[in-house]
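You will see two complexes here that share subunit A, one where it goes with subunit B and one where it goes with subunit C.
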Partner chain A sequence: MSLKVDNLRITYRTLRGDVKAVDGVSFSVSDGEIMGLAGESGCGKSTLGNSLVFLEGRMRHLGGRAELDGRELPIADTRAMNEYRMRQVSLIPQYAMSALNPTRKFGKMAAELLKSRGVRFATVEEELRRRLGLVGLADNVLNLYPFELSGGMRQRATMVLSTILNPSLLIADEVTSALDVSTQRAVGEMLMEFRERGFVKSMIVITHDMSILAQIADSILVMYAGKLAEKAGSDTVVNNPLHPYTQLLLASLPEVGVRYDTSALVGIPGRPPSLLHPPAGCRFRARCPFAFEKCTEDPPFMELQPGHQVACWKAMKDAGLDIGPAVPPAAAVGEEASR
Partner chain B sequence: MRRYFARKIGIYIVAFWFAGTVDFLVPRLMPGDPVQSYLSNFIGANTTVTQYRAMYSAFAKAFGLNVPLWDQYWHFWDGVLHGHMGISISQSSLPVTSVIRGAAIYSLILLVPAIVLAYVLGNRIGAMAARRKVLDNTVLPIGYLFQASPYPWLALAVAFYLGAVAHWFPIGSGYAQNLLPSWTNWHFIVSVMYHWFLPFLTVFLVSFGGWAIGMRSLVIYELETDYARYLRALGASQRLVRRYAYRNAALPQLSGLAIQLGTVIGGNVVAEVVFQYPGLGHLILQAADSQDYFLLMGIFLFIIIGVLVANFVIDIAYVMIDPRTRLAMQGAQA
Partner chain C sequence: MSANPGPARAAGSSTPAPVATGSPGEELDELPSAAPAPQGPGERLEKGALAGAQAAPVAPTPTLAAGAPAVRLGRQRWEFLHYALRNRKLVFGFSVELVFVLAAIFGPLAAPYSSAGDSSSAGVPLKDQCAAFFCASGMTTHPSAHHLLGMTYFGGDVLSIMLYSLRETYLVGFLGALFAGIIGLALGFTAGWRGGWLDDILQLFTNVVITMPALVLLIVIGAYVKIHSPLFEGIFIGATSWPWVARAVRAQTFTLRERDFVDLARLSGKGGVSIVLKDIAPNMASYLFLVFILLFSSSMLLSVSYDFLGLGPTNVVSLGDMMNSAMLWSALNLKAWWWFIPPGAAMALIVFGLLISNIGLDEVFNPKLRES
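Let's look at the complex of A and B:
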């Protein structure tokens, strides 16, 4: 078992109050697994991914734990966490194209970064050059400034630098979002190659783009409004999703060969709830076409089929589980009034 | 690289010619007649009109002011290129170059240390204040106060309280009046330093606050940039992140320093007038008061050269420090 996250809760401080961006999330990623983490912007997927590496100033760890290779990650203690960064758990950030110091040659910055991590540059230089060659960057990028590289080259250089110490877990945050479609595919293949070659053991690929996940991920975890909606193997999620949100999300993707001048592309009506004061019960119910009384209660994240977990009362009912009675009307009314 | 500097030098030559022409014209556009005001030193009650006319044309000829403006202009550039700037009408008819040299040293020893020290300390403390609450709440407000107070007011307040009231430091003049200027005399040097302190302090304080305030926000900005976040996420030491942030934040500050150092050559008129300090700024005022064409033109020319040289030096320094400017000079697009 590589990564095990248990009931993790992370909030964001804002001027208007705490945003509960990650609200009781539990999942695991096994060795060698590439897990896709999908959802709309603002659903907490980046917060979740980043919290496993670096808790930024405005983020607070409210509770829960994360365990990597049997050792607990001290995610709330940024000092203690430092030892794990880059070596055990590393990040390819969302802003990978601007992640390099503009006034330092790439090689010099890499050397200074590694030195400050207690690694002698000479010991990894050979490997760094080899891996740069692997992603199609010539040796001389070490002697170039970031502004002398194209955006794509900078991103690949960042990918190599982030993984140079062979971390156990790599968080790849929206690495394909700013790229054109053919480059997206190449980057996806690079990530898979990184795993094949053992540069990283397992990976969490954060994206809102389901098509790239269908291509590279072994499993997909869908988040909605700070909570988990569904997790299963990527084929299962793409072909047989159980959560209405996942179903609608996939239905809103354009299909190859279909012309959308006759049939309009459907989106999901409505907007996700504010995470400042999230509503009780299922957070998707205001937008869900199948919502019923039971949905005013918080659905558990349940394994309905082997390896397929869903947080949805309707899916549970369809699976023939006894979900019990709906909330007594009095309680439901009180709750409505309090919202 | 060579093309870049060739172009730069070309621009500097054009700027020098243009500024020199303005320098030539400005004193001549001032109301008043310098020969007349010079002659007023010599004529008595019994000078006849004929004598006066003879003296006038003799001195006008001596000063080269009896020829058409166009010829004066040629003489001016001829003098500039040969280092002859004429004689000072107001300063005992000494050559302008030696008058300027005498005053320039006072301006330089006052302003260069004040500006450089303010730059170094202001940037350091501003950078520290960016991440230390205590400093941010103590040094910075004081910096704001000094930076925002009108300099003449601050200088007068300091001169009044530390000089006139407390008698800790002398005010007026650059050295004790019972000493003859001599840079080999130990007493004289001590006296200069004693008189130097108050003008130095006020110039330093005003400039210091500005640097600290600027650096604080620049460092805060740099610490939030993507490369700083990335380094932190990969567990880089605080020291490395801060070093990068400081270096990158110092780049725009350096341009500001260049501009300030360029104007050093002209002295600091207000500071030198308030403290009656015998530098170039003080000299400008005297020269303008007594319509001393040649001295005024000499000082302005000195300032022009100073600003251009300082800018050129910083151009070179910038190319060495900021690699991004090197790209621009190879003719690539941003």
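Let's look at the complex of A and C:
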């Protein structure tokens, strides 16, 4: 059991109140697993990934814990986290292409970064050169300024640097979103290669792109509005999703070989709820075609089939579980109004 | 009086300049950089996964390999020098400054006469001054072969006094710029990096100092404190002229701290001081360099004006002092122009040279301003 996250709650402080970006999230990633974390913009997936490495000033850790290889990550304590950063848990940022200091040669910047982690550059230099060669960068990139590298080269350099200390967990935040399709595939395969070579043990790949996850991820976790919707092996999620949100999300993807000039591509009507004051009950309720009375209650994240967890009353009912009586609508309305 | 370039110049010169960035002669440069990539393109892609995928990105690397970096870097530095030497403003300004700095450093050694005993009123007891005046009355002489810039009332050789004065004026200017730079950078970086309530407090403090009339403050301090050395004057000038530096640096830090590479450094656990010094400051190095030059010239102007008003150091001679004694002893009425024109012209030339080289440097640092 590599990573175990238990009821994690992260909010953003804003002038209008706390935005509950990650609201009671529990999941685990096993050794050697590449877990895809999918969801639409603003659903809290990047916040979840970032919070495991660095809590920004506006982010607050309200509760819950994260355990990596049996040791608890002190995610609320920026200073204590330093011991874990890059060595245990590392992050490839969303902006990997512009993550290099324009006034420093890449090698110099890497040396400074490693020094701040208490690692002498000389001890890892050879390995760094070897890995740069592995991703197709001649080792003289160490002597080049970022503006002398192409965007793709900068991204690969950042990826190699993030994983140079062989972290147990790597969080890749939208690493493919700014790339064209063929490069996306290359980056995805590079991530898999990193795992095979043991540069990283397990990985969380954050993206909104289900197709890249279908290619590289072992399992997929779908988030909606700060909560978990569904987690299962990637084949199961892609071919047999149980949560209505996942189903609609996949249905809205264009299919290869199908022309959409006669029939419009289906989207999900409506918009995700504001996380400033999220509604009670299932957060997808307002947009869900299957919503019924029970959905005014918060659905638990339940394992319905081995390795397949879903937070949906309908899925539970379909699976033959006794979900109990629905809360009388009047009570639910009253509860909502009081918020 | 204080030449205030303000943030307007920041916009043009904030781009990383080759000279500021190319400086690292650090550990990495010593590595065998010219070694070609250990693996050939074929071997490099042992695992099929990377092979096809990397084909396109690999392409540019061969041209960069093997010995290329030295050539590229060499050309960069050469390019900077090329533009620096071709810029006539910069060459002119630096030449003027070089002449005066050399004169200030070596001049006193070569001065034909000493300045201490027989110079202007500075440092000489009043009794002796009067004695000198009476015995040497009417001794002011035109420039001649013996006294290239003529003589003062007291038989002092104007050229010699000026050579000593240059040194003091440069010293005070340098000290003032140094202190103003240190205070301004420290407060600007702190306010910009930390933000929040600390920024509010520092901004309040900055605004208070901006509104303080330095001259009046100096008169008040002078009434109580009896220390009048170049060091004190330098500190005083530094302590009153840092606010616009702090403001400009704060604003630049605000924009730079949101950049992605700073974010990466932060989430890698790099310390705040290290991020400011190594990730943020180098990105405004050219601006900071220009700021120092402007502070230097404004500090010298301030010191000359304080000295001219008689508020400066009392135990040394400076350009301001020379003009002060020239005025006190009616050099203007007596048409002894050689007593006050040379120090005034020197001062004007020094500041003019600095400002011109500042404009020139701006053009060199900022590719958009370069004449093609």
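Keep in mind that, in the parts below, the second predicted complex is superposed on the first by the 333 of 339 C-alpha atoms of A that agree within 3 Å, B and C clash if a C-alpha of one lies under 4 Å from a C-alpha of the other, contacts with A are read in each partner's own complex, and residues count from 1 in each chain.
Simple rule for what comes next: a contact is a pair of C-beta atoms (placed from the backbone, for glycine too) under 8 Å apart; a residue touches a chain by one contact, two chains touch by 3 or more.
What you see is a predicted model, and the numbers here were worked out from it, not measured in a lab.
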item: Room on subunit A for both subunit B and subunit C (clash or fit); value: clash
item: Subunit B versus subunit C as contact partner of A:E193, first or second or both or neither; value: second
item: First (subunit B), second (subunit C), both or neither touched by A:D322; value: neither
item: First (subunit B), second (subunit C), both or neither touched by A:P93; value: both
item: Partner chain(s) touched by A:E255 [first = subunit B, second = subunit C, both, neither]; value: neither
item: Partner chain in contact with A:R129 - subunit B first, subunit C second, else both or neither; value: second
item: Partner chain in contact with A:G107 - subunit B first, subunit C second, else both or neither; value: second
item: Which superposed partner A:L137 touches (first subunit B, second subunit C, both, neither); value: second
item: Partner chain in contact with A:R85 - subunit B first, subunit C second, else both or neither; value: both
item: Contact breadth on subunit A, by residue count: subunit C or subunit B; value: C
item: Which superposed partner A:R185 touches (first subunit B, second subunit C, both, neither); value: second
item: Clash-bearing segment of subunit B relative to subunit C, given 40-48, 256-264 or 292-300; value: 256-264
item: Those residues of subunit A which subunit B touches in one complex and subunit C touches in the other; value: 50, 53-54, 81-82, 85-86, 91, 93, 95, 98-105, 112-113, 116-117, 145, 148, 158
item: In the complex with subunit A, residue positions of subunit B that touch it; value: 225-227, 229-237, 239-240, 244, 247-248, 251, 321-324, 327
item: Interface residues, subunit A side, partner subunit B - complex; value: 50, 53-54, 56, 81-87, 90-91, 93, 95, 98-105, 112-113, 116-117, 145, 147-148, 158, 161-162
item: Of subunit A, residues touching subunit C in the complex; value: 50, 53-54, 81-82, 85-86, 91, 93, 95, 98-105, 107-108, 111-113, 116-117, 121, 125, 129-130, 133-145, 148, 150, 152-153, 156, 158, 182-183, 185-186, 189-190, 192-193, 196
item: Subunit C - residues contacting subunit A, complex; value: 16, 20-21, 24, 26-29, 31, 33-39, 44-45, 47, 49-50, 53-54, 56-58, 60-62, 64-66, 68-69, 72-73, 259-261, 263-271, 274, 278-279, 282-283, 285
